[in-house]
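Each of the two complexes below includes subunit A, the first together with subunit B, the second together with subunit C.
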Partner chain A sequence: MNNITPYSSPHYFIYLLILLLPIIIGLWFGKRFKIYDFFATVVILITAFFGGNMKQGISLIFYILFEMVVIFTYRAYRKKYNNFWVFTLFVILAIVPLVFVKLDPLLNNATISLFGFMGISYLTFKSVEIVMESRDGVIKELKPFEFVRFLLFFPTITSGPIDRFKRFQKDVLNVPSRDEYVELLHSGVNKLMKGLLYKFIIGYFFGTLLLPKIEILTLSYRGQTPLGLSWALVAYMYVYSMYLFFDFAGYSLFAVAISNFMGIKTPMNFNAPFKSKNIKDFWNRWHMTLSFWFRDFIYMRLMFTIIKHKWFKSRVTIANLGYVTLFLIMGFWHGETWYYIVYGIFHALAMITNDAWLRLKKRHRKSIPSNKFTHAFAVFLTFNVVCFSFMIFSGILDKLWF
Partner chain B sequence: MDDIKAKIVDILKDVTGLDDAGQDADQDLFKDGVLDSMATVEVLVTLQDTFGITVPVSEFDRSQWSTVNKIAQQVQELE
Partner chain C sequence: MKKKLWMIFGPVIVAIAALLILLWAPINFKTVTPEKVEQAATSLDVRVLKGESVKNAAEKENYIPIIGSSELSRMDPFHPSSMAQKYHWKNKPFLQGNPGTASLTQAMNVGGMANLKGNKAVLIISPQWFTKSGVPSDAFKYFLSPLQLTGFILNSSHGDKAMNKYIAGRVLDLGVSKGPIEDDALERISEGKQITSLQRFYIETFARSSLQSQDDLFGSISMNDHQKMIDKASSQLPDTYDYKHLNKLATKLAEKHSNDNDLQIGNSFYKKQLKTRIDTYKDTHKHVTYTHSPEYNDFQALLYMFAQNKVDVMFVIQPINPYWVKYTGMPMSSITNFDTKIKYQLRSQGFNNIVDLSHVKNSNYIAEDTIHMGWRGWLMLDHHLKGFYKDKKANPKDTQYKMDSYFLTDTWANNTKF
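Our next item is the complex of A and B:
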């Protein structure tokens, strides 16, 4: 038996829906069965992490125990004291397992990633959120059981969307009324169907049927033209972008749909990102729970500190510094390869350029036209900038050049 | 309360450089793109200095700070 990646095949849904049936019937009659929820979680975790050699499963258990020690130690400390450096230390501690996993390919040392399992990034976002909100006193009470339930909520365990603790608690402690639940089931079924279309039809078409062929064609120009550039690379850029969106948006729709069936309103991850009118707009529509996490827990906090302490005067400098920091961290988070870092820098530069343009536009409001043609051009330009960044992200240039 | 609102509108105008910022006290400042993250932080810091309140960043729930009326209410509660 091997590990079964959640939502990876249409069959998975048949088993999943059978497993969910008691939960759905319970909610229909206004009940949450805590014990059964726990049982279902265990079943999913076993199929996802303990198939095969159990290595991932053991890592997961170690990881959860480690984060529990970190978080509950910090919360105990925070009751009496509030030192900035102690807080920083605990944030770093919460990230350490992820850092090990991310550094692993770089060091070529398989023993270092004791914590390697699918979805560790997403659990780490949740853990760090809890450390930060514990410092701010926003999470007043936290029982170990609640922490584990939040972290291991199985519809979102491997790839998000990243929920927030207080939001999640509100749903999980509440049983929706019959009307609300009918509404949730309805939206869940819709999202499930849309997800199936996205991931298993459109995503499959682009990712499994087209992409490998175009990749071979693109790489056949290696060494033949300057930098191996070709029209095939341009085609690769668009096909990869379509695949990335439909595959990930499809997956995210599944996660939200299954959450809905369980009476949890997990936030959406995508909002028509290819309709974005500029790059800032794009980050409000693409992988939203991740970009909002970065916005709330890194960007805004950094801005807040810098402005409060008046480290820099110019607001343009501060905002740009924030972008570079934010997108570099995002690049490193994706993985320690040159193309993820370049992808981060590229987006930071795009944001800085975009801000400069918006300032210019504000100053010359009267002389710069704004109509449906300029809007269409803006959407077109943003789409191409984004696809170009995904081409960097895909790593195709690494294969083409090195 | 009207005094608070007037001060908030002044802050919004200062930060955004828009003459009509916050004109409509029920306008959604985030949705309509009046405030981005950077401007939001500037507004929060200025609110702290002006009213002597402390806004914990993670208490900052966008839906509760999205209009002039809502900001005024938050300020009053925190004062």
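Our next item is the complex of A and C:
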């Protein structure tokens, strides 16, 4: 048997729903079957990671053990001391496996990524959150079993959404009332159906039917026009953007829907991102659990540190520095290729420009109009800026130029 | 509460029931009509290529497939479909091929045409298929039909073992993945094992029957329609068939349609694809060879499929525009060597009906653009087709093929001494 990527085919849902049935019946009667939950998790993990040569599965086990050592060692330390550099060291330790995996293609050496398995990024986000919140003292109690349950919550294991430990804990320790659960089922069914429409119909249309054709057309201009640019590239930009959104949003809807069936209110990942009126608004609507994670655990902390140590005075400089750091890290996280990094820088510049514009607008409140048309224009502009950034992100320029 | 639950799950249950009926109920959706078949014969829609029902219906009527690739869309007056219509050939061409289809795609396609058994077919070979790296994985995956793949898996219990092994392995190597059970079955076939009865049960009862229903339901709705193009093309032909006269007409029309360049390339193609960048092609094909390619093995798989179905095949070696050859600096030996090699593979196994258009006395206007036959090229082919299309059934004497699995090996793919 090969690995089965969760939610990748309509068949998957048939098996998944059969597996979920006992959990759903249990919750209907106000019960959580801890042992069955554990069993279902094991089944999903085996199908997802232990197919073929089991390499991914073994990596996953070692990864979990490694993170447990890091986190519980730090928590033991934190009970008595709170040194910044020790904290930094443990954050780095928690990230090391992910760094290895990300560096691997760059070094052209497949041996160092011992931890290569699908979804390692998302588990790392969760682990780092726990280290940071352990330092803050927000997570007071943490049992090894709870840690593993949080990390391996299977509906979200491969690609998020990224839940937070305390929020997750609140749901998992609680059994929803009959009425609440009916509401959850309702929301779950709706999201599941919407996800099917997004991923398997619209996403399929853009990604599987349209994209390959347009890509061939776009690449046919390679070396033929200046920089290989053509109208086909513009078409590619929009089609890729649509594909990216519908595929990922569809996937995220599945993850939330399945969580709902299990009585967990996993946060949503998308909120009509193409309606955004500016780039900041966009990041509050696009891959939200990721951008909120970056906001809470990188941006805010960096801001706080800079202000506390008075490294810079100007609020504008501080904010801009924060954007550059944040989006550069996001770029590197996506992968060590030039286009992911450029994508990061592009978004940092977009945020900086947006802030500058908002300040200008504030100063000239009377002379700059604000009405239905300016709003429509703002949405249109943001949409195009975003699609342009996704075109960079897609790597098509790499294929076109190098 | 009951009502609430029904409001939540009711629509889903109804939808699932409807889907199950549509996909698995043993209903024969009669969507393939003779009119549909006629449209499909020149439609070149990718669903026709990837499907089965339309082509199998066509095999019951008076159609003989022309299997090829991008040249099939060059629908000038001398295109076989146009000629067949004008001069009322008893059998009509059924076009199967798109830009990017090569031997392995066509092997799967032929494997899926159960009703081709004992009939005739035409195969147009493009030298450009036989590149060093062979068919690009993306192109193959794009044209791979899940329906034909399930058919191949189920048929793997009989037929030539070497071929089945080769195809299964090659399909996996090209990165095809159509579900865990299908992948495992292919893995087994590529190892020379029989598929398990569980795999057979699943693929037969669930996968294939649903794909068949999908093919029946959606395989021929709103297809591309080239009938008007064919009508327009054939209306330019004279009422009586006279080869010499047609030959002149072809030259005249081709001249008129390629007057903005001196490479005998059709104006519209030249303007769209070449004009601005023609210089970049100058002498770029100096080192092109078509003699080392995994495509030879794929081609062998296709031959096996023909042999298995006892198909009487006319092989056509497609010409390249001689002016283009000169412009790009391609050595004549590239084409000659290719010819020798492919003909050796064909003849030594008993495939003797070969129409070689790559070496003709007068090759003016033999191609419509750079590498696609047209005008006089089509006409020359039509001359051979005319006789071949008189009868749809294969002569059993002509289908006594002696297949040799040596042609499935790497050694053959890279061999130039024979």
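Everything below uses one rule, namely that the second predicted complex is superposed on the first by the 402 of 402 C-alpha atoms of A that agree within 3 Å, B and C clash if a C-alpha of one lies under 4 Å from a C-alpha of the other, contacts with A are read in each partner's own complex, and residues count from 1 in each chain.
To be clear about the criterion, contacts are C-beta pairs under 8 Å (C-beta built on N, C-alpha and C of every residue); 3 or more make two chains touch, one makes a residue touch a chain.
All figures in this text were calculated on a predicted structure; none of them were measured in a lab.
**Student:** Under the stated touch criterion, which partner chain does A:Arg301 make contact with: subunit B (first), subunit C (second), both, or neither?
**Tutor:** Touch partner of A:Arg301: subunit B, not subunit C.
**Student:** With the two structures laid over each other on chain A, which partner does A:Gly223 touch: subunit B (first), subunit C (second), both, or neither?
**Tutor:** Touch status of A:Gly223: second partner only.
**Student:** With both complexes overlaid on chain A, does A:Leu89 touch subunit B (first), subunit C (second), both or neither?
**Tutor:** In the superposition, A:Leu89 contacts neither subunit B nor subunit C.
**Student:** Does the superposition put A:Leu185 against subunit B (first), subunit C (second), both, or neither?
**Tutor:** second
**Student:** More residues of subunit A in touch with subunit C or with subunit B?
**Tutor:** The partner with more contacted residues on subunit A is B.
**Student:** With the two complexes superposed on chain A, say which partner A:Ala319 touches: subunit B (first), subunit C (second), both, or neither.
**Tutor:** A:Ala319 sits against subunit B, while subunit C stays out of touch.
**Student:** Just checking: does A:Ala356 make contact with subunit B only, subunit C only, both, or neither of them? Give me first, second, both or neither.
**Tutor:** A:Ala356 sits against neither subunit B nor subunit C.
**Student:** Is A:Gly137 contacted by the first partner subunit B, the second partner subunit C, both or neither?
**Tutor:** A:Gly137 sits against subunit B, while subunit C stays out of touch.
**Student:** Which residues of subunit A touch subunit C in their complex?
**Tutor:** 1-2, 4, 9, 11, 51, 178, 182, 185-186, 189, 193, 212, 223-225
**Student:** What residues of subunit C sit close enough to touch subunit A in their complex?
**Tutor:** My answer: residues 1, 4-5, 8-9, 12, 138, 142, 177, 179-180, 183-184, 276-277, 280.
**Student:** Spell out the residues on subunit A that touch subunit B in their complex, using ranges where they run on.
**Tutor:** On the subunit A side, the touching residues are 132-133, 136-138, 280, 295-297, 299-301, 303-304, 307-308, 315, 318-319, 322, 362.
**Student:** Spell out the part of subunit B that touches subunit A in their complex, as residue ranges.
**Tutor:** Per the touch definition, subunit B meets subunit A at residues 17-18, 36-38, 40-42, 44-45, 48, 56-60.
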